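Every chain is named by a letter (A, B, C, D and E) in the order it is written, and numbering of its residues begins at 1.
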């Protein structure tokens, strides 16, 4: 572990942590907290979809499992929020392992893998919408009891810092992976499974590790969501929106790169706010602009924001993308 | 017929052809020979417009050849690729029909009759899926499909590849027959001896350059030939 | 247990619905089979076609069945243009890019519909929509019979195009052997656009057949896309007969499981089929080996 | 307190709108004599899946603010005008929360709206962090007022009030007609709303002599309800009670019409379509005779008629979101008036002691118990000759129920 | 014997790619596998390295049956292969590419990188460590392919046409590298078309044609085998070449 590699991460995190101290806007803090939750989900996606190259259309599967595990444990059993959080991570990892075991062993790749993740997310959405345990379509509501023990906070800034801490851990994990044997094996599997096999990489095991880790990370984002809004229903937890958010951010920010999800989320959500501000009263205009920009980004800046940076400011890109 | 002047090209900055000159005249069989990986397939891709040139020129039938496969086909330069590249999900009949997709459509029926005469085996299996044919039959189909476009020049890329010795023999006989009707053929092969037996002229390519050229008989007699192949 | 009459009628209903599903899946499977991409804009394009049918009827009083001819042409051209001018050039051949672009197109269309029509659910009222054919004890909805017939006709037409015309053969050729096809002088970019256009035209027909009995809102595509995915996977990605038979099967499964297990559990059944097919036989019933 | 002029026509609406605009955009100097405006947060989803409902809600709130200001603002505060701070909840709870934070920063004194239960749940909770009064407009979930949040109030009836009233109304209507309906089939969406309702009906209705033949759950969205109709046809119930969303109800009604399923009555509860003007306009035949127990305005209320005229003059249907939001804003204005200060604590207090009556709804006096207005109740409506009529309770009805319906 | 295959048969559908092929590679040797295109050489390698499960026959590693082991397990045992069509990890630079190999025996990053650097040095890529793999020339990629396999510290190295596509001077440069690898104790089994290299390097050569093992022996002996010449140059070639030889003698 070379500290040098972690400097950009520390700097970015520190800069974000200072925001609520500089601007005392709760709306801003709240906006950032939501963006960070999505960043965390996207970081999970990025490990599997970006680094290991297994594109998932259904990360809502993990997000929802995180949401519901945390919510149900607290709601039905009154389990401490932090314990529930740990168990939600385990559930996310387990869900990843099971999904991976089934699909990777069956040899699913590319579109087929993407579709099966989608199917699992949808299946869970229907089940969560119908089951009494999950509160059905009305969802589950947690009691508002601010306090560190309950993972709830009076001030918006505190929650932002909590979310930031998670994202920071996510960044550190991603960075550590990038410089490790596991990371090298992930990229090898992404680029060429046969070549990886020839070099002694147990491809199935590596993919299973990746999907479990990815599942746990995205589940953590789900827990944060629940702790922030104290409410969850099937369309939030297992809805298509989070699958898309988790996938778009790394693709826009820079697929497979440590800071890709964070940069992507900030770009997309910043863009969303921007288009919303000049869209006027007609609903939908803002997202139309958003879609045009998205297509434009793909057409003219494949490789994402970091890819652009590489082209125009290679030095800077090197330093931050490491 | 075909005139290639010092063409250079390659993939992603790696130069594979380093200045090749060659020509094919009316009614000729010209063999382009060389071991694996010397750039024969790259040469074919350049000729048929799949690969852009970095420099050099290709003149076909007196006119410069545009840089797309469509232009090449329209001009009558038909390339039967290595590995046949037939359409496995379609019947023999359909494969042949697509041979005249861009050229020779008007006389499709007549040409098809000709192909079936040349390859009676194909006629028997007209409705069979091409993917279920044996290697030799697939090769015949690929050539037949090329003939459907009424080629002015036929480039055959490794037609003997993967065929049993008996079939290889048959294949070369066939090439000779096609040429006997006046069709110029550029034969790209690693099967030296048999290629030289039927070719009028030959080029030997090594590492993206033509290292020997001349009449087939001269080349066959050249002791350097064995060196080029067996490293002796 | 239900009486045989009900069971038979459920089977008929399932087949009638399944045929429309098949038509929607047709475009998806065609595009996947040839371009090897999953078109995320499929549902949004269906929604826009349904709005077009609704608009023609509401504004100009054009019967949905009449508008099919016009809309199929228009949507063919639109699809051709979108692939040729947007997806093709912007994707630069990378799967990840295509995914993002079709996603972007889908967001664009859905929100354009929202901006233009609002989020309201709309439907068409016509006398024909309520007419039925009485066959013994069975009451069969006429518009759905028309839908069934229309779907079969389109499938047959598509089958004819694919097997009898040069353009169709070129599409099949490109689907499996791009290099060989371009060496025959087939313009791969054109074939891609043609395929995309055909997929969109099939959606326009589906829209015309659906609207007399269904409703539309900007997000309606989602209701059909998942089922279309399931059909495509079940029938084998890229297979036209697979889409038709898969559609009928799924329609049947949905209808019977809805009747016997309840409508909600029926939906779960469909996803379980989806997952099982992917895990056990990813090539589907008629799919070619990868 | 007068909220609305008695004579209204399209021109005055337009003029009023223009005047309000002029006031807002007038230079500060000209308004210097007036007290500072009171900011009121209006939260509605105007993009996303619920956009259309959000637009109606916004319209209702806008009309109310316009009327209050024209009538001289909040008099106890020196005629201070209300100023709308609008937030788009984008049909998601998190966007709703985000807008609450923004409104809080802009200094609103209270928030009205939310529309959907999930948005209301999340937004009212976010507002509770700042003790910001939150008036729910539509969201019916019992959880909204069941959490003990001091800041959250709901003017409209919640789920349990609605269902209790629905059952009671049905029983009365049936009894009055000589109990023609005995057998019942329940068709409900498979979410908690529909399932909960069905369960309640299934336990309550038999107490009144009804026989439940079947409970049929349908998913949202449904692509095909032929089988459901098939089962209904074979069951041949006297009464069909659907609790589904708009699209499914339309589909069901049309399929039933097509398959010639003609029960003695269709009686729906909190249904997305049966009291929707678009449905009635587009499918007059399928809609005819359908009854619904739902939010509805007081058809005899003159002010409601006036607001309805203004809404219809701009080409919008007078859906219940409009009077509900209108009334909620008026309720807030009344609380401000009585609080005598734009102070959150005092407004909450004033709401808790509210006896507000000047609303457009068929409710009695407003009386909040744990945030729920106990004076609120749904009414039973019926589509009669293409018109949605209130048929029960008789205190508010403008037509008699046709039961059994001649379908 | 380090490696032995016994009557390996590999069928794909109706096609028999390898038919009852047996061979043996002696420890410390450089053994060659030659044959015309499409003879089944690469299929044979895939079977040995575990990428294909043979339809029939056995693969024996130091006397043990390893026919059922997975590729990564065989790599663990010490069997490394290169690919005929080089397959660098495009997203990684040269050093990282090699490190994927060296991680097999060195789980710690620093050790793995040190090992990778040493291997890169040895195959002559020392100057291009930071280059993206996609920037390398054909010769560079071949070296990278070799380096990656070497970095797994194999006992047996399967080289699939590492010389194909190189020019004579590049070939001259790489031959000593291969020999040095053997001298360090790595047994080498190579598929090669460049006969000059085969002659130069191999002690023992197997000839595969149409999926069948048609000859084995020293390179010189094999090259003068009439069956081999026919397999290579076509029917009747042996006689003609014999004539040519006579003419020049």
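The rule we apply is simple: a residue touches a chain if its C-beta (ideal position, glycine included) is under 8 Å from a C-beta of that chain, and two chains touch if they have at least 3 such contacts.
What you see is a predicted model; the values in this text were computed from it and never measured.
Trainee: Work out which chains are contact partners of both subunit A and subunit E.
Mentor: Per touch definition, common to subunit A and subunit E: zero chains.
Trainee: Chains touching subunit B and subunit D alike, please list them.
Mentor: Correct list: C.
Trainee: With a step meaning a move to a chain it touches, how many steps does the shortest path from subunit B to subunit C take?
Mentor: When the steps are counted carefully, the minimum from subunit B to subunit C is 1.
Trainee: On a C-alpha centroid basis, what's the spacing between subunit C and subunit E, in Å?
Mentor: Centres of subunit C and subunit E (C-alpha means) sit 50 Å apart.
Trainee: Report the inter-centroid distance (CA atoms only) between subunit D and subunit E in whole Å.
Mentor: That gives a centre separation of 77 Å.
Trainee: Hey, how far is the Cα centre of subunit A from the one of subunit D, in Å?
Mentor: Centre separation, subunit A to subunit D: 37 Å.
Trainee: State, to the nearest whole Å, the distance from the C-alpha centre of subunit B to the C-alpha centre of subunit E.
Mentor: 30
Trainee: Which residues of subunit C are in contact with two or more other chains?
Mentor: 114, 118-119, 222, 264, 267
Trainee: Send over the residues of subunit A in touch with two or more other chains.
Mentor: Subunit A, residues with two or more chain partners: 126, 130, 283-284, 286-287.
Trainee: Output every touching chain pair, sorted by label.
Mentor: Pairs flagged as touching, ordered by label: A-C, A-D, A-E, B-C, B-E, C-D.
Trainee: Which subunit C residues qualify as touching subunit D in the complex?
Mentor: Within the complex, subunit C touches subunit D at residues 2-3, 6, 9-10, 13, 16-17, 21, 114, 118-123, 125, 129-132, 139, 141, 144, 213-215, 217, 219-220, 222-224, 227, 254-255, 258-259, 262-264, 266-267.
Trainee: Touching residues of subunit B toward subunit E in the complex: what are they?
Mentor: So the residues of subunit B touching subunit E come out as 12-14, 16, 35-38, 135, 158, 160-162, 164-165, 168-169, 190-195, 206-208, 220-221, 223, 226, 229-232.
Trainee: Within their complex, state which residues of subunit C touch subunit B.
Mentor: The contact residues of subunit C facing subunit B are 163, 166, 169-170, 172-173, 175-177, 179-187, 288.
Trainee: Touching subunit D in the complex: which residues of subunit A?
Mentor: 25-27, 29-31, 34, 126, 129-130, 135-139, 141, 143-144, 154, 156, 225, 228-231, 233, 236, 241, 276, 281, 283-284, 286-287
Trainee: List the residues on subunit C that touch subunit A in their complex, please.
Mentor: Touching subunit A: residues 32, 36-38, 86, 89-92, 94-97, 99-101, 103-105, 107-108, 110-115, 118-119, 218, 222, 226, 229-230, 233, 237, 264, 267-268, 271-272, 274-275, 278-280, 282 of subunit C.
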